[in-house]
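In the two assemblies presented below, chain A is common to both, partnered first by chain B and then by chain C.
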Partner chain A sequence: MTQASLLSVEDLRTYCYTRAGVVKAVDGVSFALERGDSLGLVGESGSGKSMTCNSILRLLPRPAARTVGGRVLWEGRDLLTLPEREMRRVRGREIGMILQDPLMSLNPVFTIGNQVGEPFRLRGAAKGRSDLREKVLDVLRQVHIPSPEARLSQYPFEFSGGMRQRTVAAIALAGSPGLLIADEPTTSLDVTIQDQFLRLLRELQEKTGMALILVTHDLGIVAETCNKVAVMYAGKIVEFGDVRQVLTSPSHPYTEALLKALPVPGTRQRRLYQIPGEPPNLLDPPAGCAFEPRCHRAMQACRNARPPIKKLSDGRQAACLALEAREVR
Partner chain B sequence: MGTILELRNVKRYFGIRSGGWMGGGGEKPLKAVDGASFSIASGSSFGVAGESGSGKSTMGKLILRLDRPTGGAIEFEGRDIGKLDAEGDAWYRTRVQAVFQDASGSLDPRMRISAIVAEPLEIHARTGPNRLGKIEIREKVEDMLAQVGLPKRVMDNYPHELSGGQKQRVAIARAMILEPTMLVLDEPVSALDVSIRAQVLNLLSDFQDRYGLTYLMISHDLATLGHVSSQLAVMYLGRIVEIGGTEDIYARALHPYTKALFRAMPLPDPNRKKSAPSLRGEIGSALDIPKGCRFCPRCDEAMPVCSDVDPELVDVGAGRRVACHLMSGPQFTKATHQRGSSE
Partner chain C sequence: MLRYALKRLGVGLLCLVGVSIIIFVAMRLAGDPTLLLLPDDATEQDRIELRQELGLDKPLPVQYAIFVTDAVQGDFGTSTRWKMPAMELVLARLPATLQLAGLAFLIAITIGLLSGVTSATTRGSVFDQGVRLGVTLGLAVPVFWVGLIFIMVFAVDLGWFPTSGRGSFAHLILPAVTMALNPAAAMSRLSRSAMLGVLGADYIKMARVKGNSEARVVWKHGLRNAAIPVATLAGIQLANMIGNTVVVETIFAWPGIGKLIIDAIFARDFAVVQAAICVVAAAYIILNLAVDLTYGLLDPQIRYD
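Entry: the complex of A and B
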């Protein structure tokens, strides 16, 4: 990974300290993003995708969770060692964030205009009331809120789910961030509204060159929105690469199984391919590869140690011993 | 295959007080389900698709007798379920069971798994000639848990000790323990992870093969419905706008709303090009339904007639019915062609 990357996450480790023991929620995650990139971070619940994002922004639930190792290089600075005062300038201004439930991220007792204006006020970016109003109207227009003038004095409850999520996006965009982290931004939205929102994200990216990390469990959303994808399992990235490559010819057995388990619309197969078992208990993970107990390619060697992520001959990265064995041959 | 369930012009309006203070305002109907008619063949799978606010879950509740229609009739195995006495009600509940989206919410956190699965048996087989003893009930529960693929040891667990997939298996076991003939499945896999989803869908299809069950599955996910159901109804603002064989609808959707739903569906195919614009606007309010076609305000193919006349659900051949002016009569078909060529 070159120093020139916009964001470079190196061997990030975030552990959760619970009464029952230590959970390695993020266990050595590395990836790099360039300007304009959009990375899909996919995985099942508990795979560590949200924890990875929260670690980057240092928004972990403390003291239960702590980042214990690694580096997060943002434009050359390590965010993990930045003083909190400076970190506050990064959040919202340089890196924006959108969370899953838009209603939870909006304050019910303040007007939309007030909340969208807050990032401008905090930065002192507006010269007077009328300038602030113009700036707020401008970002609301960017996210396609219809008749924004009339909407300024309304409250979140008067907005539909889709409009609320677009308002949250407007707040995140108010600081013109170089990177937007969106954690399952469309899970609570209907498909047609989801489609509108994902198109909006792509449009904004094209306009501003902003990079995007999109956390989702839906490979369909990744295919439509992202150019890179990282598949996470039990706290580690098991496959990373170009979306086209990974989704059309997955190399890690987990990615392969995930794609095979999806129903293909229009073809009514009697049975779906099913991945046996359930994700491992992270309090007591398997000694070897975390996917080994469910893997159809598992070998004896897989039980001994977790395989490191390695670059394959076609440029992507995967963490699988069976794969390495095939590559060597 | 006979008909097991038939809905005839079923309506559910809710009275909502509009405006006024201290009862000063008038009552305005919220039309959650506004005239649904269809029938389900015994042993088949029927899918109901729609976005939030389409009325699909209200319809599920009406069929489950958790709510009563304000108009129309629902017939199950030839009996009008609106006219059941107490004994009829007990009969109906042994025949039709439900599985909901949120398994954690539908399992009592203070009951052990064995008690949760045994409860329907204890209620329905407590009296009468089919009375079961404690040992028989326990045997049945063990057998059912084995059938849904849960180990015997979970019997003494509480719901919070199980994973999401396991909890949904418990909900299915509880629904199946009375040996019903029909299951209403309201978003049964939406809350589950992808790798668990396939397991639960396969389990449901095994049960159908084994017992000849009839399924009514409600979902917003067209991919899941396409996999499960043989017949599909698409709902919009309380109305069925398109209904027919699932494979036919997937091959060629006719209603503009159905087409828009398919366009919006994310597919894990990075080579798919999305050229058509996404559906504009949002689903309207069931309190304020447009005068003409309900979908007209969002429709790309709307014609002048659409904002005036509410289209009927008409038969367009091959068992398909569509509620759209584009489909009704040659004069409209011609208009579409002209519109299509000018674009």
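Entry: the complex of A and C
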């Protein structure tokens, strides 16, 4: 990993402490992001995608979850050891975040103008009321909110779902961040609005050059939006690489299975493919590879030790013993 | 909003009529005031004459009609005990009660909110446990007992405050704190649970994502949303306080409406009790309306039409 990366996550470990025991929600995740990159973070529910994002911004639900190891290097500084005061400056200004549910992420009792203006006010970026108003109108226009002047004094409940999501994006943009983390930003929107929103994200990324981490379980979205992809399973990244490479010729059996589970437009399928078995119980994970019980390539060796993530000959990384065996051959 | 307020005031007026009927009848069931007003050696003839003079010989509905006709003209009758217009007597006592209830309310809401919100943000901590214990105690102990203990400890033993009466600011503290304990506990419990509900919301996380300080996250973004149930309780408590002064005013000999009502009941001073209850009921109605109107300020989704 190059030292000059915009964001470099190294061996991140975040554990959840529950009554039933310790859950290793993020268990040694590493990846790097350059300026302008957009990374798709995919995996099924509970694989640690959101936890990874929350760990980066140190927004874990305390005291239940804690980051116990690793480094998050943001422009050379380790965010995990930063004092809270400086961390607050990173949040919103340097790294923005869009939460999953647009209907719930706006505060119901403050006007849209107030909420979009807050990031500007927090960093003292506006000189006076009229300047603040202009800046707010400007970001609202950037996310294509129609007649923004009339919207300033409205409340979130007067907005549609898609408009709320774009407002949330406007708030993130107001901080002009170098990295935007979008945690399943479109799951609660209908397909048309989803598409509009993703197009907006790409457009903003092109305009501002910011990097993007897009958490989703929709590989189609990743294919359209991202240039890199990280596939997570049971708290670990099992495959990481260029989107085209990973999605056209997956190397990890789990990625392969995910792709097989996608519906193919224009064909008649009686039933969608389903990955056999269930995700492992993270309270008591298997000693070997977490995917081994569901894997059609499983070998005896898979049960003994966790496969480390390794760089393959084509530049991507994957964590699979069967794959290594094939590569060597 | 004006229409709404007027409608509510109309309903309030109806309530006032109901309250006045109940208190009117109840007082007359409590006993014959002439028995207390006349000397022991008075004859039956004297008693009948006095009843006629006070208008107590007429049928109840007629008595009530006379009361209402006079009351709407501002005449609530004359006190049989203090020989003064009843309303004048009540209004003279009102400032003392408002002062006591006002300070008690301020103490209750300050302690209640601070402890409740802090308890919610530090859930599970020693502070939280302590607050929860305090809340249970505050709700469980009876007001008259607390008042007596406070007098014993802080007035008699330590001598920090006067035992009773009204005068300096020091006179106000013990009765106000006594009166504030119970509502403070209720306020603390409610604001804790309201805050816990709000703090898990996505917009709170969003406020953190924006780079707000934890204090702003809690006291601005959180509290504004938790404020609606809290405002409801605060309104009920403020209105209750005007009525609840009875016990505390009696213990601390505080010359307010509560003490006046008790004295007037024992004297079977119908006019004074009626006037005082009408004032308390009117205060209750107006405060409730005020609370309902503040919802519109707190929650933008509430419209009055």
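In this section, the second predicted complex is superposed on the first by the 327 of 329 C-alpha atoms of A that agree within 3 Å, B and C clash if a C-alpha of one lies under 4 Å from a C-alpha of the other, contacts with A are read in each partner's own complex, and residues count from 1 in each chain.
What we mean here is this: contacts are C-beta pairs under 8 Å (C-beta built on N, C-alpha and C of every residue); 3 or more make two chains touch, one makes a residue touch a chain.
Computed from a predicted model, the values in this text were never measured in an experiment.
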Simultaneous placement of chain C and chain B on chain A, clash or fit: fit
Which superposed partner A:Y155 touches (first chain B, second chain C, both, neither): second
Which superposed partner A:R271 touches (first chain B, second chain C, both, neither): first
First (chain B), second (chain C), both or neither touched by A:D195: first
Which of chain B and chain C A:R88 touches, first, second, both or neither: second
Chain B versus chain C as contact partner of A:L106, first or second or both or neither: second
Angle at the Cα centre of chain A, taken between the Cα centres of chain B and chain C once the superposition is applied, in steps of 10 degrees: 80
First, second, both or neither for A:G96, with chain B first and chain C second: second
Touched partner set for A:L258, first chain B, second chain C, both or neither: first
Contacts of A:E118 with chain B and chain C, given as first, second, both or neither: second
Minimum Cα separation, chain C to chain B, after superposition on A (Å): 6
Footprint of chain A on chain B - complex, ascending: 51-52, 163-166, 193-199, 201-202, 205, 220, 222-224, 226-227, 230, 246-247, 250-251, 260-272, 274, 278-280, 282-283
Complex interface listing, chain A residues touching chain C: 57, 59, 63, 84, 88-93, 96-97, 99-101, 104-111, 118-119, 122-123, 155, 157, 168, 171-172, 175
Complex interface listing, chain C residues touching chain A: 124, 201-203, 205-214, 221, 224-225, 298-301
Complex contact set, residues of chain A against chain B: 44-45, 160-163, 190-196, 198-199, 217-224, 243-244, 247-248, 257-259, 261-275, 278-279, 294
